[in-house]
Amino acid sequence: MSELPPVTLSASDIHKSFGAMEVLKGISLQAHQGDVISILGASGSGKSTLLRCINLLETPDSGVVSVGGETIEMKRHARGHQLAANPRQIERLRSRLGMVFQSFNLWSHLTVLQNVIEGPHYVLKRDKKACIAQAEQLLDRVGLLNRKDFYPAQLSGGQQQRVAIARALAMDPEVMLFDEPTSALDPELVGEVLKVMRSLAEEGRTMLVVTHEMGFARNVSNRVVFMHQGTIDCQGTPEAMFGDAGSARFKQFISSHHQVEPVV
Amino acid sequence: MIDFAFLSDTFLKLSAALPVTLGLFISAFLCGGVLAVGILALSAFARGYILVFRGSPLMIQLFLIYYGLGQFGVIRHSVFWPFLREPFTCAVLALSLCTAAYTAEILRGALLAVPPGQVEAGMACGMSRGLLLRRIIAPVMLRYALPAYSTEAILLVKSTALASLVTVWDVTGVAQQIIQRTYRTMEVFLCAAAIYLILNFIIVQLYALLERRLTPVHKAEKKPSPAAKRLSPEENKHV
Amino acid sequence: MISLLSFGPDGWGRLILSATLTTLLLSFSALLVGAVVGSGVAAAKLSSHRAVRWLGESYSVIFRGIPELLVIYLFYFGGSGLITQIGQLFGADGFIEAPPFLIGALAIGLISGSYQAEVYRAARLALAKGEIEAAVAIGMPRWRIRQRILLPQVARYALPGLSNVWQMSLKDSALVSVTGIVELMRASQIAAGSTRDYFSFYLVGGACYLLLTLLSNRAFLRAESRLGRAWQSRTAAQH
């Protein structure tokens, strides 16, 4: 059996509650280099929360997250839950993760090009010319080089999301996190984004994708994780999951989500 | 019928007082702006401050500072006394404190309007708090605050007229003096009103210019984006 | 300090209290004047004739752009001058003063009117066109539509804005003190000057204004919730 690639991301026993409601009930997940993991589940299953706990946009109440072998230091709060202990570390680790949001979240006062160079230039402190060169390369890759001087408001949803992907790529992330990247898009625009994501996967990028796109989960990812009410109900390769290995609940989930999917 | 000689003479006299009015305005505008940011940062104290300074007339705040502070020996013998003794400084102080309250309220509203998603995107890139504030929050906030801020600027111009009540010889003070000497109220009023209206017009134009420069609109021609100069130091100084 | 405010022959409490009443009356009168003027200006601004709209806009620009103090000077000194001249025509001697209360209420009222015009205009525009069309469709006469549909809704939408305008008039009334009328500001001035205790009395005056502002806010909020109750109960029933 060949050696598994190194673990680039690991989340152990993550618990998270919002007020009285426990959203994550002890989730553990590991991503190896080159993994493309699709996280599926109904609304409220906690999948977005899990993703956001990984780059600490939400702070897990308990549990450990490590990125590239480095564990995020936490400290205990007086009331029992935990807080990030070292803001510098968080910032550093976040700069090694790229996140693509459901609502794109491009910076509205900056052009497309400026959006993409913002991170590398101001956070990674790289030379501006080098950043611009890289940005143009990435924008070309996602097919939007000719829009580099446009502002986000002048682009369609699909275009904005592709810029957002370029922006995340510009940071040279070890792992890319996608939080329902196509959920806010009109159906005809979903395909262009999935195409870019597929090319990233084929490149060997490590990706964690929370999604409703069954086609992507089935054809592009190498692992499918199905979450239900804050726990992992079942997980496995797409062949297994979409074949016979999936649980009854998963089968029900797929059938209720049957839709005409863009060919990925 | 219309006494042009008197009108032009009055206009000249009033214009001579314009630097005083402008001095009051610009000083209070800048100080008030800085103060407002400070107030916003001290959020616990902010609500009370805003309440007090927006809930009472500027006139009484002004009189409190000009007449009231001089009562205390501790102030009269302090290093600040040479400044606090001057009517102009007292007026600027009162105007600054008052406009800071209104500006803080405007900034607070603008802060709430910043789309949280864009802030999260910044955090997800690993931006520190300082960087987030400087590169994302402040620019977006300023754009939202601009319209209300221009209204506040005009209110400030009008408020400078109150300085005349504590012997500052601004446009209104000089106008009042001329009225009391000549009793030609209508003409003097018209001149003074015209000056203030022109001042307001200029301010409105300046704000419109600023708004145009800061509003993201792609220009059709392919020149190196003027946006590349975005948020350059000049623009940040204007607001 | 407390003795200064007492109601006895030595205390200033009585003066302050009666002056506060004057302030309230003055502000309220101004609000009424402003309501009449404001409705007219709002109607003008909503008119289909360009010339009429222009008149409305000009009124707004003028009365929102000129310092309140100047307007008061115009009405007081100008008014007095006018009355004196008319008096002289009838053989009267010397300077006749224009009644300060009326002049003050008029001046503040006209200014308030320009702001109220904005409030009414926005409130009118907020009214859904459909509600009026529905009334027209069932054959309701114009005057009834105005009475049963338009006015109640405009009142409801205008209330928050009116709360602000009322606060403004309260504070602007302090400026009328330059005419000599004994309202709260002038009373504070008199007491302060007489006792040389400027700080205390201006503080007390300011506190009184603050009290008036806070109580007014509360009253308006209650009125808003009362008027909005019809809508609230509907949505509550839906849940």
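Just so it is clear, A, B and C label the chains in written order, and each chain counts residues from 1 on its own.
Note that in this section contacts are C-beta pairs under 8 Å (C-beta built on N, C-alpha and C of every residue); 3 or more make two chains touch, one makes a residue touch a chain.
Since the structure is predicted, the reported quantities are computational estimates derived from the model, not experimental observations.
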Contact graph of the chains (line, ring, star, complete, other): line
Of all chains shown, the one whose Cα mean is least distant from the combined Cα mean is B
Rounded to the nearest Å, the gap separating the Cα centres of chain B and chain C is 24
Separation of the C-alpha centres, chain A versus chain C, in whole Å, is 57
CA centroids of chain A and chain B: separation to the nearest Å works out as 46
In chain B, the residues touching two or more other chains are none
Listed in rising order, chain B residues that touch chain C in their complex are 51-52, 54-61, 63-64, 67-72, 154, 157-162, 164-165, 172, 175-176, 179-180, 183, 185-186, 189, 192-193, 196-197, 200
The answer for chain B against chain A in the complex is residues 115, 117-118, 120-129, 131, 135-136, 139-140, 143, 214, 216-218, 222, 225, 227-228, 230-231
Touching chain B in the complex, chain C uses residues 61-62, 64-70, 73-74, 77-78, 81, 167, 170-175, 177-178, 185, 188-189, 192, 196-199, 202-203, 205-206, 209-210, 213-214
Contacts from chain A onto chain B in the complex sit at residues 55, 57, 87-88, 90-99, 101, 103-111, 113-114, 118-119, 122-123, 149-154, 164, 167, 171
